[in-house]
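Note that chain A is present in both complexes that follow, paired respectively with chain B and with chain C.
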Partner chain A sequence: MQKKRVFVNAYESLSCAGNSAELMEAVYAKKSGITIDTSYMPEHKAGLGIFATGEFFASLVAVTQAVLRKSGLDDFKETLLIVGSSVGGIGKSEQIFFKEQSYKNINPKEHAVSVISDTLNGAFGFKESRSISTACTSSTNALMLGQRLINIGAYDNVLVVGADALCYTTVCGFQALGVLSDEKCTPFQKGRKGMNVAEGIAAVLLQDRQTEESVELCGSAGSSDAFHMTNPDPEAGGAISCMQKAIEDAGIEPGDIDYVNAHGTGTPANDTVEALAVSTLLPHNPCMSSTKAITGHTLGASGALEAVIACEVIKRQKIAPQASLQEAENMNVNLPLEAVDQKIRYVLSNSFAFGGNNTALVFGALK
Partner chain B sequence: MIYIHNIGSLNLKEGDAFDVKETLKKATGNPYRRTDRYIQMALLGAYRTVGDTKLEPETALYMASGQGDLAVFTRLRDQQHVLKQPPRPVDFINSLSNTAGFYTAQLLNLHGRNLNLTQHGFVVYMTLLLAQNDLQTGAQTQVLVGGVDELLEPVSFTRKFLGICGDQAMGEGSNWMLLNSRKEGAMASLDIVREAMSLSEVKSYLGGVQKTAKVAFGLRCSEATASALLESNDTERFRYESECGFYETAAFYALIRFIEEGEGELIFIEQFEEVFRLIRVQCLP
Partner chain C sequence: MKMNFMIKAMAKVTAAESCENLDEKRIVPMMMLRRRLTRSARIMVYLADRCGFSEGPVVYGSAYGEMQATADIVGAIAAKEAISPTAFQNSVYNTAPSYFSLLHKNREEMITVSSGDATSANVLQTGALQALIKGREVLLVCSEAINIPNIDEVNSCTEYLESGVALTLVPTEAEANTEVPKKEHKGYAPSLWAMLDLLDACEGRSGCVVALEL
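Presenting the complex of A and B:
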């Protein structure tokens, strides 16, 4: 079966670093959007990525509306919506429970992951919708699914939305696991303290038609460590496997990768293993950076948010620097301290979730 | 066309006394101490499907659910705001949507793609369609697909969550299938009809199928709708409903029950709101 090519033709995002344009300014200027906060845990400081723009679901609709404006489509009635989210509407349920100390008035439909697709369906009337929830790889897996469905001609237009709001469950849960930093995170830094949880929304329109502004989503793959629930395989087998298969899916060689947008959460375990994986698979040592130093870790939204960054890096032919880095733990990876202007053909974007759920995407400049 | 090579089922009705953890421990020899009942249900269903057979490590794992692990959410809320304690790490980990997938992959030593789809309406169809797409394009060579839904107490909570009316019996289950593209040794073939249909389009579709095929309906499909669809043709109905309370992934159970009978073709009709989707299964000799 001849696979149809898949193009990223429009996108928008919102994170603690602002909208997509503001995000890229922040990325290149190495200006973090993280704030040190005690609102979720009065007894603990935590670096968090928080919107300054108010209600999450209103922002979700606004970001999607912005993509519709950029898309050239009249509406989304012939578009499949695929949502990737790890917490869905848990934040809404928490608000009700905290106020009333009871589950009685929790609206279960607003609790589920599908509250995001329900909200967007109500606003835009998509042709169909699906929801994927695999923790921090949710929207990366949604992008992979969208790519596959266009590959086989099942849909012409797929809108992938990654969205996760901050809530007590995630902030306090990650604190309980001891992986939150009380400072701005420092991915790949020697002696780093952990991650910053953040909220984020990113909407990415995939289509089977090419425009002058397109970036190609040319490869994707997933793998499972099946090693440990919270720790990655220390030999990086699962991470290497999914990166390698994504590169094969793109029909290119590892040496063709010009930039890696790392998962790079800032936790000791993730960054050590990811650096090992990249240095093993990509010995030509392409530039790599984690933009979570700017946005924090937006959990289920991070794959789509970093897809936006990957596309911008290709369009601008300018590599994102590694912010907040003083001394790298692994000297075998190429972490640029400043933005690099260079020819960029292919970008590899990694996402890794607890349980060793690994997904990698390859984005390519138009030939 | 894709093929079903193994099937396995755990199907429980409201009020059934069944110790999932103990049964799992007896089957696998592992107590699975850090897991909760939802994860144990996933493990038991998958184990019943695969047993001690060693699968290809690259076998993908696609898991579907209507509600995911809802019980852990209530535990986390109680810890924080009733007990005034931080979340227990084990509960936070179990609240992550891919945790059941992780334990299942670890049990079966699977290292391929591992996905979890959670939604109301067509979640079984969508998961099977994803598997069909990936097998037909060669993106995967083998996929273990399953659906897991747990019935929570009070039952009214689950009923409300799923939007199910009060006279519908509720249930829970963990039902799995091993799929690949090889006909040799298969129990049945599987075809996911890509097009969404209206009621009249389903009627027209059924008019064109062989009269020897049987028809079954998803549990969201009313008796009135089922009767309307069957009134203009003499297709025989395959009934599984009396064995099965409502849960979102019960369609897997219906398909498995038909395959267990060992012969013929089934057209399974799922409905959500005003849309219909069809799954065809043909048992192989």
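Presenting the complex of A and C:
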């Protein structure tokens, strides 16, 4: 079967670094959106990525509306919606339970991950929808599935929305795991302290038709570590496997990758293994950075949010610098301290999750 | 777009409260791993075993995910107690297929769907897509495990607090030979109904070929 090509034709996002335009300004200026906060854990400081714009679900609709406006489509009635989210509506359930110590007034439909797609279906009336929840690879897997559905001609338009709100479960849960930093995170830094949990929304429109503004989603692949529920395989087998297969799916060679947008959470385990994976698979040493130093880790939204950054990096032909880095732990990876203007053909974007769930995407400049 | 798929194996399990005799000691001989399994993971590895599947891509689905782990975490926060790291790592929706992956050293793609009442319908669509892309047999599992204290305060959708359904499928050039009528599966969570429809249609038959929407 001849694979149809897949193009990213419109997108918008919201994170603690602002909308997509503000995010890219912050990325290139190395200006973190993280704040040090005690509202979730009064006895512990934590670096968190928090919106300044109020209600999460109103922001979800607004971000999606912005993509519709940019898309040239009249509506989303012929578009498949694929949502990626790890927590869905658990924040609302928490608030009810903390107040009432009872489940009685929790609406199961507003608790589940599918509350995101229900909200967007109510606002836009998509042709169909589905929701993916694989923790921190949720919207990356949504993009992979969207690419495949267009590849085979099942859909012409797929809107992928990654969305995760902050909640007590994730903030306190990561604290319990001992991986939360009480400062702004410092991905790939020697002696780094951990990650920053953040909220984020990103909507990415995939289509089978090319425009002058398109970036191509050329390849994607997933893998499982089969090693541990939260710790990555120290030999990086799963990470290398998904990156390699995504590059193969794109029909290119590892040496064609010009920039890696790393998963780069800032946890000791993730960054050590990811640096090993990249230096092993990509010995030509392309520039790599983690933009989570700017946005924090937006969990299930991060794949779509970083897809937006990958597309902007390609359009601007300007590599995102590694913010908050003073001394790299692994000197075999190329972490630029300032933005780099260079020819960028292909960008690899990595996402790794609990359960050893790994997914990589390859974006390409138009030929 | 519809394509044809052959159903190779099927299994289901259900209980009013808790599924017994899931054969965990044989299926999961490593005690440390067995002790960490959530109820959904126990159901999943049992159903996969019944389907004779250990290697290959997996699509798993659950509308409500890991309810016990979520309840444990929220309860601990409300009580100002320490959160169990195990509860947190077991709280993600992809916990069950991740344990399956660990158990069998399965390094393939594991996708988890959570689409409310449409979950198993979307598992079928996603599983069909994955089988087509990979050109090989894929395991599809959908389960709900909501047997937690005080669930009656909020449960109005199912009499069975634990249930699961599984099948494996492969793409085929053969013509579809089975219609899959939609039914109401009283007592089961609606999130399982589409896969239960398929199991009912194929029950007692071999070489069942169905046309699935991608």
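Couple of notes before you dig in:
What we mean here is this: the second predicted complex is superposed on the first by the 367 of 367 C-alpha atoms of A that agree within 3 Å, B and C clash if a C-alpha of one lies under 4 Å from a C-alpha of the other, contacts with A are read in each partner's own complex, and residues count from 1 in each chain.
Following the convention adopted for this analysis, a residue touches a chain if its C-beta (ideal position, glycine included) is under 8 Å from a C-beta of that chain, and two chains touch if they have at least 3 such contacts.
Source: prediction; values computed, not measured.
On the superposed chain A, the positions of chain B and chain C overlap enough to count as a clash. By the touch criterion defined above, A:N141 lies against chain B and chain C together after alignment on the C-alpha atoms of chain A. By the document's definition of touching, both partners, chain B and chain C, reach A:G238. When the shared chain is aligned, chain C comes close enough to touch A:S102, but chain B does not.
Contact with chain B, but none with chain C, is seen for A:K3 once the two complexes are overlaid on the shared chain. After overlaying the two complexes on the shared chain, residue contacts for A:A226 are found with chain B and with chain C alike. When the shared chain is aligned, no partner comes close enough to touch A:D37: not chain B, not chain C. 86, 90, 93-94, 97-98, 101, 103, 108-109, 111-114, 117, 129-135, 141, 145, 148-149, 151-152, 154, 168-169, 172-177, 221-227, 229-230, 237-238, 241, 353-357 are the residues of chain A that lie in the contact sets of both chain B and chain C, per the superposition on chain A. For chain B in complex with chain A, the touching residues are 34, 60-61, 67-68, 73-74, 76-77, 80-82, 86-89, 92-93, 95-99, 101-103, 105-106, 109-120, 126, 130, 133-134, 136-139, 157, 160-163, 194, 196. By the touch rule above, chain A contacts chain C in their complex via residues 86, 88, 90, 93-94, 97-98, 101-104, 106, 108-109, 111-114, 117-118, 129-135, 141, 145, 148-149, 151-154, 168-169, 172-178, 221-230, 237-238, 241, 353-357.
Only residues 1, 36, 63-65, 70, 73-74, 77-78, 82-85, 88-95, 97-99, 101-102, 104-116, 118-119, 122, 125-126, 129, 132-133, 150-151, 153-155, 157, 214 of chain C touch chain A when the two sit together in their complex. Across the complex, chain B is touched by residues 1, 3, 86, 90, 93-94, 97-98, 101, 103, 108-109, 111-114, 117, 128-135, 137-138, 141, 145, 148-149, 151-152, 154, 168-169, 172-177, 221-227, 229-230, 237-238, 241, 249, 353-357, 359 of chain A.
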